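Listed next: structures, encoded as C-alpha cells.
Here come two complexes built around chain A, the first alongside chain B, the second alongside chain C.
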Partner chain A sequence: MSMDLAGILVSAALFIFAPIGVGLIMGIDRKVTAHMQNRVGPPITQAFYDLVKLFGKRPMLMNRGQAVFAVTCLMMQAMALAVLVAGGDLLVVFFVSGAGSVAFVLGAFSARSPYSYFGAQRELLQILAYEPVLLLVILLIGYDRGSFVVGGINSSLLPSLILALLALVIVLVIKLQKSPYDIATAHQEIVSGPYVEYSGPYLAVTKLANWFETAVILGILTLFFWNGNVAISVAGKASIVVIAIFASQIIDNITARLTKERMVKFTLTAGILLVAVNMTCIFLVRQGVL
Partner chain B sequence: METAVIVLALVAAPVLGGLICLPFRGGRGIGVPVLATSVLMIVLSLLLLLDMHSLGLSRLAIDEGSIEPTKWLILASDFALLAFFIVTGLRLRNRLVTAFGVLQLVPLIAIEASSFGVTVEPALLVDYLSVTLTLVVSIIGSIICIYAIRYMQHDEAQPRFFAVMLIFLGAMNGAVFANNLLWLFFFWEVTTLCSYLLIGHERTKEAKESAVRALVYTLGGGVALIFGILLANSYYNTLSMSDLLSSGAASGLALLPFALMAFAAFTKSAQMPFQNWLLGAMVAPTPVSALLHSSTMVKLGVYLLLRMSPAIVSVPALAWSIAAVGAFTFLGTSVLAMAESNSKRVLAYSTIANLGLITMCAGIDTSLAISAALILLVFHAVSKALLFMCVGAMKGETASLEIDDMAGLRDRMPYVSIAFAIGVITIMLPPFGMFASKWLLSEAITSLPILAFIVAVGFAATVVYYSKWLGRVLSGGSSVARPSVIKDKLPANYRYTLGSLAVMAVALSFLINYLVSYLINPYIVTVFHVSVEGTGFSIFSSLGEFPIIVLLVLVAVTFLLIGMFLRPKQQELSAPYTGGESYQFETGGFYLLSRFNRDRANAIFNLTAMVIIAILLAIPFASEVIR
Partner chain C sequence: MVLSGRSRIKSPWMLHFDTGSCNGCDIEIWALLSPRYDIERFGILNKANPKHADILLVTGPVTRKVEDRLRLLYEQMPEPKLVVAVGDCASTGAPFSDCYNVNGGIGRVIPVDVFVPGCAARPEAIIDGVVLALKTWKERKFSSKTKDETIKEPREREVRN
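Entry: the complex of A and B
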C-alpha cells in the first residue's frame, strides 16, 4: 500500500469523514422515516448530540469483558475502514470487519443477562445470514477483476455486477438494523438485545463501531461506480449510496419483522442465487457465449 | 551432527523412548523418559530445519544402502503388523477387520514377490513439506505428551499409554520421510495401530466400540493405499514416491493409483462420509484427542494429498473431485457443529472441517491454494492442540464436556479461559495466522469459483459455533474483578503446556513472514511458482495484500491500553436488566437444528460425499473408455 502524500491525505480525510457522513445519513434517515409516518422527526444532527451526550455520562458496566470487547469491536471496524480507504485488499476489509462483529457478539455474551444473551445469539444468526452473501459478492468482484485490491479498481463495477449490487442491498438492510431484519435489536421483544447491558460511554463506543461498520458497507457500494472525472465519480458514488439507503428505508417501512429462521433462509437463498446468476453471466461473457 | 542422523533419530528416538516407558509399572517416574524424549524431539526437529537451511538443501535423500538392516526390520514388522490386525479381527469376531487385514496382506505379498530385493532409491526423502510436517508432529505432539504426564497421572496403564503415544510420533515422522511407498504404507498402518490402541485405552464398552470403528475405517483406507501402491508398481513400474510423482499422472486406468491413494487419505483425514471414526474417537483421554486431531493421524491423510497434488495438475477431473469432497466436508461438518452441544464433538467437527479445507486446497491445486493449505495446517495444529488441552483442563473443574456447563468458567478458571479464548480467536479471527490462510484460500478459490458458494456458508457457520461457545465461557455476572491468571490454581504442568501453545499461536502469527519464507516457499518453489511472499509488514499474494503485522500491532496496542487504563470501580457496576423482575434466570444453550434436522442434514451430506467419491473412483475408468 505505498502511496504519495496526496493519496495519504485523501485516505485520512475519507477515514475521518466517512463515519461523520454515516452519522448524517442516520439523521436524514430518521427525518425521512418521520415524514413517511407523518411526524416532524429530530434534527438531522441528532445522532451526534446523542453520541456526545453518551460519552459525557458516568461509565456503568457489568464487568470488564463488556468494555474490552466494545473497544475491540470499534478498533476492528475502524481498521477495516482504514484498509478500505487506503485502497487495500477487499477480503481483508471484509474479514476484519467481520471480526469486529464477532467482538460485538462476545461483548454481549460477556454480561450474564437474558436479553443480552438472546441478542447475541440472534446477532450470530444475522452474521450467518449476511456474511456468506457479502463474502460471495467480494469474491465475485475478485473473480471479475482478477484482483482484490481496491486501489486497482479503475472502472465501474456496476455494468458487470448489477445483481451483486442487489445482493448487497439485502446485506445493507441487516447491517442497518432495519425491518424486516432488525432481529437482534428487536425493541419490542428483547429490548435492543446486544446493546441492553451497555450504557453511557461504552454504549457510545458500540454505536460508533456500528457507524464504522456501516461506512465499510457503504464504501464497498461506492466501488460500483467510477469515472475518470472526479466530480462525476463522486456524484455517481453518492447516488448509489443514496439509492441503496432509500431502498432499505422503503423496505423498512413497508415490512414487518421476520422470524430469524426466515431471515437466514431468505437471505442465503436470494443472496446466493443473485451472485450465482451474476457469476454465470460473467463466465458466459468470458467464454464468448453472451 | 550429520543431517541424515537427525532424520533417522526423529523416527527412532520416540520409538526407543516409548519402549523405555514400558518397564515403569504403575507410572511412577514415567514423566522423566517422556519429558526427555519430548524435549529431544523438539530439539531434533528444529535442528533439522536449521541444517537444511545452513546446507542450502532443497531436499535430502537417504539411500537404502546406508540403512540396510532397516529394510528387513520394516519388512518383518510389516508382516507382523498385518498378522496382528488379522488376529485382532478374528479375536473380536469382526469380519471387516479380518477381511481388511487379509486384503492388505495379499497385495503386499504380491508386491514383495514381484520386486523382492529391488532397492528403491532413495528410501527416505526429506523436503520442506516433510520438514513442515515433522515440525508439527515433533513440537506440538511432544507438548501434548508432556501435558499427558499430568493428565494421565492417576491412570493405571501409563507405561502402555506413553509407549504408544511416543511410537505414534515416530511413525508419523517415518511416514512423512518415507519415499519408498512400502515404507510409507508400513508407517501409515503403524499409526492406524496406535490410534486403535489409544482410542480403546479406557477399556470401557464405548471405548472398545469406538476403537474398533476407527480400526475398520482406517484399515479400509489402508486397503485402498496398498492396492494403489500395487497398481502404481504395475502401471509406472516404480515403488518410489518421487519417481511416481515426477512421471505425473497419465490417463486411463493408470489414474487408479492416484484415485485410490486419495481414497486412503480421505479415510485417514476423516473426510465425509468417513467422519464417524474421528467423532467416536472422542471417548479417548483428552491428550489422545489432541494428538489425533492436531498433529498426527488426520494430518497424514492431507499430507498424502498435498504430496501428490502436483502430479495430478494435468488431470483436472481428478483434482476437482478431490476439491469437491473437501468443500462438502467443510460445509457439512461446519453446519453440524452449530447443532452440537458437546465440546469435544464441536472440536472434532471443526477439525474435520479444517481438514476439508486443506483437502479442497489440494484439489484446487494451484500454488496459491497449496500455500494456503500449508499455512492452515501449521496454525490449525497449534490452535487445535491448545483447544483440546483447555477442554481437558476444564473437564477437571466441571467434570463435564457439555458446553452449557462451561458457562462463566472465566471466573473459576481464568488462566484456562484466557488460553481457550486465544485458541478460539487465533483459529477464527483476523489478524492471526490461521486467518492468513483463510484469506489466501478465499483468493485461491477464484480459480474454481463454484466452490466459493460452499465455502462462504461454511465460514459463517464456523464463526457461529465458535463464537457462541467462547461467549459461554466468557460470560460473567456483575463484578469488577479482572481475570487473574496468577491466582488460578492450575497445576504447573498445565500452566506451562497451555501457556507455551498459547504463546506459540500468537507469536507464530507475528512471525508468519518467516514461516512463509523459510518453510512454506522452499517447498512451493520445488513444485510451483511462488505466489505468496511475506515482506515487511504484509503478506503479498498474486491477488492482494494482507497487512498482517500492522493489524497485529494495532490489536496488541489496543489490548495494552485497555489493560492499563480500564479499571472500573465498584460503584460503577450495574445489575443485568431483567425487565423489572427480580428472579434468578439461567439461559440454556441454543443449537439451531433439531435432532431430526440434524440427522437429515447428516444423511444428505454423507450421501453427497459418497456420490462425489464414487465419481472420483470412476474417473480412471471413464478416462480409459474415452481414450
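Entry: the complex of A and C
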C-alpha cells in the first residue's frame, strides 16, 4: 500500500470531511422526514447544533467506565474510518468497527439502569443481526476481487454485486437507527436504550462515534461505483449513498417498529439469502454457465 | 463560547413532567409535537430523559407525593438548564392552592425561569414561554462573565417550603 503525498492528503481530507458529511446527511434526513410528515422541520445544520451543545454541557457520569467505553468506541470507529479512507483492508475495517460497537455495549452495561441494560441487550441483538450479513458482503467482495484491499478496487462493484448492495441497505437501516429496526434506541419504549445514562459531553462522544460508524458503512457503499474520471466517480458514489439513505428513510416513515426476534430472523434470512444468491451467480458466470 | 451559546439556544431538548395536572396542559404540550405546531423546527426534541434534557416543562400544582420526584428530575438534568411552568396550576396552584396535599406551584419546589399562564395554557403561549426562557438564558449567558456564575444562579434562588 504505497502512497504518495497527494494520496495521503486526499485520505486526510476524506477522514475529516466524512463525519461532517454524515452530520449534514442527518440534518437533511430530519428535514426530509419532517416534510414527509407535512412539517417544517429543523434546519439542516441541526445535528451540529445538537453536538456542540452537548459538548458545552456540564459533564455528569455514573461511573468512570462509562467515559472509558464511550471514548474507546469513538476511537475504534475513527480508526475503522481511517483504515477505510487510506485504502486499507476491508476485513480490518469490519473488525475494528465491530470492536467499537462492542465497546459501546459495554459502556451501556456499565451503568446500573434497567433501560441501559435493555438497550445494551438489544444492541447486542442488533450486532448479531447485521454483523454476519456485513461480514458476508465483505467476504463476497473479496471472493469477487480476490483481495480485501480497498485501494485495489479499480472498477465498479455494482454490476457483479447488486444483491450484496441490497443486503447492505438492510444493514444500513439498523446502523442508522431507523424503523422498523430501531430496536435498541426505541425512544417510546426504552427512552433511548444504550444512550440513556450518558449525558452532556459523553453523550456527544457516543453520538460522534455513531457518525463515524455511519461514515464507515456509507464508505463501503461508495465502493460499489468507480470510474477513471474523478468527477463521474464522485457523482456515482454520491448518488449510491443518496439512493441508499433515501430508501432507508422511506422504510423508516412507512413502517412501525418490529420486535427484536423478527429483526434477527429477517435480517439473517434475507441478508444471507441475498449474499448466497449473489455468490452463486458470480460462481456460475465464472464457470461459463450463465 | 459564542458558538456553544448559539447551539444551546438552537437545540433545547425538552423533558415534560406532570405533577398532578388534569391533563389539560399536557394535551397542549403534546399538541406542540404534532405537525400543526411542529416544535422540532426550533430544534426542540421531546427526550423523556432528564439526563438529555435542557428544558423542563412542568404542568400541575405539585402534589406532596410527586414533590421529591420533581426535585430528583431537576437535579438529574445537567447544567445549564431551564424550567418553564406551564399553566395556572404549575404557576400558582390555581384552584388547588389551598389543598392540604398540594404545594401550590412548582416555584415552591424548584427554581422557575418562566411562568406560562392559562387554563389550559395555549400551545402558542407555551412556545412563547419557551422562546422567552431561551432569551433570558441568552441574556444571562452573555451578561455574566464566568460560566460558574450562570450555573450557580438558579441554586441561589431555590425556595424550599
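Simple rule for what comes next: the second predicted complex is superposed on the first by the 289 of 290 C-alpha atoms of A that agree within 3 Å, B and C clash if a C-alpha of one lies under 4 Å from a C-alpha of the other, contacts with A are read in each partner's own complex, and residues count from 1 in each chain.
Operating definition for what follows: contacts are C-beta pairs under 8 Å (C-beta built on N, C-alpha and C of every residue); 3 or more make two chains touch, one makes a residue touch a chain.
Computed from a prediction, not measured in an experiment: that's the story for all the values here.
Undergrad: What does the overlay on chain A give for chain B and chain C, a clash or a fit?
TA: On the shared chain A, the partners fit.
Undergrad: Contacts for A:50 in the overlay, against chain B (first) and chain C (second): which applies, first, second, both or neither?
TA: The second partner, chain C, only.
Undergrad: Between chain C and chain B, which one touches more residues of chain A when both complexes sit on the common chain A?
TA: After superposing on chain A, more of chain A is contacted by B.
Undergrad: Tell me the contact category for A:58 with respect to chain B and chain C: first, second, both or neither.
TA: A:58 contacts both chain B and chain C.
Undergrad: Is A:41 contacted by the first partner chain B, the second partner chain C, both or neither?
TA: Only chain C is touched by A:41; chain B is not.
Undergrad: Could you say whether A:92 touches chain B, chain C, both of them, or neither, answering first, second, both or neither?
TA: In the superposition, A:92 touches chain B alone.
Undergrad: Would you sort A:199 into first (chain B), second (chain C), both or neither based on which partner it touches?
TA: Both chain B and chain C are touched by A:199.
Undergrad: Which value, in Å, gives the least CA distance between chain B and chain C in the superposed three-chain arrangement?
TA: So the smallest C-alpha to C-alpha spacing between these two chains is 6 Å.
Undergrad: If I apply the document's touch criterion, which positions on chain A are contacted by chain B in one structure and by chain C in the other?
TA: 58-60, 191, 196-197, 199
Undergrad: Spell out the part of chain A that touches chain C in their complex, as residue ranges.
TA: Listed in rising order, the residues are 30, 34, 37-43, 46, 48-53, 55-60, 187, 191-192, 195-200, 203.
Undergrad: Going by the contact rule at the top, pick out the chain C residues touching chain A in the complex.
TA: Checking each residue of chain C against chain A gives 3-8, 10-11, 13, 35, 38, 40-43, 47-49, 51-52, 54, 78-80, 151.
Undergrad: What residues of chain A sit close enough to touch chain B in their complex?
TA: Going by the criterion above, the answer is residues 1, 58-65, 67-68, 71-72, 75, 79, 83, 88-92, 95-96, 98-99, 102, 105-106, 108-118, 120-121, 124-125, 127-128, 131-133, 135-136, 139-140, 142-143, 146-149, 191, 196-197, 199, 268, 272, 275-276, 279.
Undergrad: Taking the complex as given, what residues does chain B use to touch chain A?
TA: Of all residues in chain B, those touching chain A are 407-408, 410, 428-431, 435, 438-439, 442-443, 445-446, 449, 452-453, 456-457, 459-461, 463-464, 467-468, 470-472, 474-482, 538, 543-547, 551, 554-555, 558-559, 562, 566, 568, 572-579, 585, 587, 590.
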